[in-house]
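Here the structure comes first, spelled out in structure tokens, and everything after it is commentary.
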Amino acid sequence: MSRELLETFPNPRPGREYTIEHVAPEFTSLCPKTGQPDFATITLTYAPAELCVELKSLKMYYHSFRNKGIFYEAVVNEMLDDFVAAFDPLWIEVRGEFHVRGGISSVVVAQSSRAEEPPNR
Amino acid sequence: MSRELLETFPNPRPGREYTIEHVAPEFTSLCPKTGQPDFATITLTYAPAELCVELKSLKMYYHSFRNKGIFYEAVVNEMLDDFVAAFDPLWIEVRGEFHVRGGISSVVVAQSSRAEEPPNR
Amino acid sequence: MSRELLETFPNPRPGREYTIEHVAPEFTSLCPKTGQPDFATITLTYAPAELCVELKSLKMYYHSFRNKGIFYEAVVNEMLDDFVAAFDPLWIEVRGEFHVRGGISSVVVAQSSRAEEPPNR
Amino acid sequence: MSRELLETFPNPRPGREYTIEHVAPEFTSLCPKTGQPDFATITLTYAPAELCVELKSLKMYYHSFRNKGIFYEAVVNEMLDDFVAAFDPLWIEVRGEFHVRGGISSVVVAQSSRAEEPPNR
Amino acid sequence: MSRELLETFPNPRPGREYTIEHVAPEFTSLCPKTGQPDFATITLTYAPAELCVELKSLKMYYHSFRNKGIFYEAVVNEMLDDFVAAFDPLWIEVRGEFHVRGGISSVVVAQSSRAEEPPNR
Amino acid sequence: MSRELLETFPNPRPGREYTIEHVAPEFTSLCPKTGQPDFATITLTYAPAELCVELKSLKMYYHSFRNKGIFYEAVVNEMLDDFVAAFDPLWIEVRGEFHVRGGISSVVVAQSSRAEEPPNR
Amino acid sequence: MSRELLETFPNPRPGREYTIEHVAPEFTSLCPKTGQPDFATITLTYAPAELCVELKSLKMYYHSFRNKGIFYEAVVNEMLDDFVAAFDPLWIEVRGEFHVRGGISSVVVAQSSRAEEPPNR
Amino acid sequence: MSRELLETFPNPRPGREYTIEHVAPEFTSLCPKTGQPDFATITLTYAPAELCVELKSLKMYYHSFRNKGIFYEAVVNEMLDDFVAAFDPLWIEVRGEFHVRGGISSVVVAQSSRAEEPPNR
Amino acid sequence: MSRELLETFPNPRPGREYTIEHVAPEFTSLCPKTGQPDFATITLTYAPAELCVELKSLKMYYHSFRNKGIFYEAVVNEMLDDFVAAFDPLWIEVRGEFHVRGGISSVVVAQSSRAEEPPNR
Amino acid sequence: MSRELLETFPNPRPGREYTIEHVAPEFTSLCPKTGQPDFATITLTYAPAELCVELKSLKMYYHSFRNKGIFYEAVVNEMLDDFVAAFDPLWIEVRGEFHVRGGISSVVVAQSSRAEEPPNR
């Protein structure tokens, strides 16, 4: 399972709230309907709590989507769930910027935080 | 009717408020006064509730304006009404950036949200 | 009088507060001191109430400054007054970005809104 | 027939070889296989002989492709033939830069000149 | 007559062939058909012989087109003739880059040199 | 004294709070330690009260630093004090963006407003 | 075999030498040493003889490298050989611009033409 | 110890809260795992209290990381601690933008202020 | 005299013809007519023969123009003469790109080479 | 010795003359006079003969300059000599673009080819 590829290390400065951003312009997966490749830049931004994500394992995690059929909205939400499960940050955002398909480019952005209210409104 | 071209699918992560943006730089319609083509980039941004808009049907919906005579302000407001009717999002914005005409470029932006107050002020 | 050049049409969606922006990079007037040409990009942004400004008449209005001697600050404030008089929007901003003169470029920005408090402070 | 839309006027400086370039980023036609719209920027560059092409008629000529099914390679070559027939320049180039389709953007460029050798090689 | 506005001064290094370029992005004239303003960037490049053009007089010369009705092709060719008459350079190019009109921007470029062959070909 | 170079004129629209920005990319002074030239872009932004600063006098004021030895922090704070003394605006910001020295570029920004609390905290 | 994915169609204007360029920024293959993904933009430029390459088959051909281990230099040279075998153009260039690896980005460019001399020098 | 390299001078305008930013695109350190060089742009922004950091000593401080093995997160947090210890500003932010490694670029940002609440939340 | 500020060192690879370019965006001098500052980027490009110009002395040489009244054309030609006198390169070009004055920016470029023919033509 | 770090592999397409370019923006060495770090982008372009340079060894070779005192002109010429000795290409260029020092940025470019004439002229 992809989530297990994510490795972590202890936050070197746990008492201070600060942010880490990793920008990965080489993400690729497959369209579940056509089987054709999709391409995106994935930007992960988070404020670490006890744990940070290890950079090389993050790269391997992204690569695990290479031959997987998955929709844009599912890519971003599944990653957010995996990241929260793996290193449970104070705050986190996942942003996927997908290349032009049919003359339209798309961006999907999801956030989560420890202080978050229940999602009903 | 154009609105019927819009197809939807169930939001894969309904409890989380997140955003989806589709940028379409290939929009074209006709000026209702001169019959000459107008060109625009249409940006749709929304937070899905129960439904998401299907990308290919969105493309077809935009193409349905190709030979239609319609003013800038009406393009954006009509789209906003159609989108709300089709997939009723938590929040939505439609932005039309129209090419230079007579040395002037124009941008029209309209928003709607479920929590919106009545529009009188 | 320049103000009379501005024509309007009824706002097609009067109950919704939305914004319209017209960017005109071809504005030119004359310096009242030297008689030399000044150049600017004029950006008009407003939320229409009952009326919208007609685009071609806006172009003619801007052209009426072509051989008029007027200072930067007066260009922007006079336009704002004329626009409020002509179509009385919910909210409006006029922004003039003037080309380099004596190694210095200048930007003048003025706003007005129906809800505005009296201007004394 | 589209070619007949092109109007000309006498070259105002016929003895001097100089160049004229018209860049049109609002070209659109239809894909002959799928019926879907294609979009391109068409750049016409030429050295006039006895005639110049009139700018407004050039715009109308481009608009005549709006609902026509035609391949990229044919767009550029057909235009080149039409332009040579209409104003027979000393030298001419037509360049079509087509938007991304299937993750690939395309450029087609063709030239012709009065001094050209027969096209066999 | 506009040409008489051009003032010159002796080339400070007459034996060396070198180049001078003046880029003027604030050129404006009138369309002879519609009376509407046209806007362009005029780039003059030349290798001086005995004379150089004085910069302030060049500005005044450009300003003399402000309320004159003239076509793109005539602007560039008339300037080239005026410059050759005024300071007779070793080599000269005039380039006019005109703003978008009807969705099309245009560039006209003409050159002249002392060594030029007669213009027939 | 430099401050005396600043000339003012009455604000043409005194009852309205609006903003004026002057961007001067040609500022130069001397390093007080090495005597070597420093270069910066100075951006003055303010909301005029009774007075506006005259543009040509502002240029002369900036030029008065040309052969003066002064640190970055002092440039910006001294200007702010001079501007407040000269035309006492409702609000003002001075921003100095200094060129690379020793591989490091620097930006100093200071603000003042009439409503400002005493500067102790 | 990948080469067999390439489909062709007859050049619609066989007597005229003109050029076609296809830019594909979504190319990905695997490093034969590490198994990690490589990413590149592949630009194919050619002058067609009797045949043109069909755009959708070109996309499929590029996708066939997705899970193939191959070095940069081999990607470009193998493509050039495949293209010459498939549609034998008058002239052809293949350009691969590979993303940063180890802080270094790389570009490999190869050309071939019918008129080419034997490659020994 | 690196921290001792930092020299300070008295804030020339201590009563006014203003900001100073130093952007250093030439930072380099070593990866503690591989020993390979890392590269980053370090941006220090602060509001001085009694002291400012001297620019040349800041450069020397950055250079002291040249042959030191240290992780991204530690670079930024250690610098923040050193700066607070050296010149104790009213407010401070350190931003490290690290070059691409494994196809991913990273940004780490940490802040501190005198008025800061205890970091627990 | 300014020329004496230029210091040289022996070309470390005298047998190979290669090029060195120094780009100095911080050049400033005075207008000989108005006394107002002029600003330019000076680009020196040359192929060294026996000598190279020392970088710090080049900076000092440029600074020597700071309070000197001199025309654009003279700046570039005087520098070219000084450089040839100081380090007599195989080939040299001096390019001065002067900031906007009166809405016009200017570029002056001069070259010299050992193989140059006498300048008459 | 640095040159020994360069590893090679056989050119996979030895009969075809094609080009390879490696762009390395992370080069750093030391100034031999001040001991301060210098930074540059090194671009190696070559047409391989029998051998290609291995990318990871090229990175290690560049890193070997990290703590070496060497002038700009020597960096480029020494690299060119090392590359020719290591893989003896048909043609090669080394380009070093050095960061701003004293307000001046510098570029040094050297080339070599097998067919080169003796360097005297």
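We call the chains A, B, C, D, E, F, G, H, I and J, going by the order they appear; numbering starts again at 1 in every chain.
What we mean here is this: contacts are C-beta pairs under 8 Å (C-beta built on N, C-alpha and C of every residue); 3 or more make two chains touch, one makes a residue touch a chain.
Small disclaimer: the values here were computed from a predicted structure and weren't measured.
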| item | value |
| --- | --- |
| A-D compared against C-E, more contacting pairs | C-E |
| Length of the line joining the C-alpha centres of chain E and chain I, rounded to whole Å | 28 |
| Inter-centroid spacing, chain J versus chain D (mean Cα positions, whole Å) | 45 |
| Inter-chain centre distance, chain D versus chain H - centres from mean C-alpha coordinates, in Å | 57 |
| Residues of chain F whose C-beta touches two or more other chains | 25-26, 37, 39, 99, 103 |
| All chain pairs that touch each other | A-B, A-D, A-G, A-H, B-C, B-D, B-E, C-E, C-F, C-I, D-E, D-G, E-I, F-H, F-I, F-J, G-H, G-J, H-J, I-J |
| Complex contacts: residues of chain H adjacent to chain F | 11-13, 15-26, 48, 52, 55-56, 58-59, 90 |
| Footprint of chain D on chain B - complex, ascending | 25-26, 28, 36-37, 39, 63, 66-67, 99 |
| Interface residues, chain A side, partner chain B - complex | 71-74, 76-77, 80, 101-112, 119-121 |
| Residues of chain H touching chain G in the complex | 37, 39, 99-100, 103 |
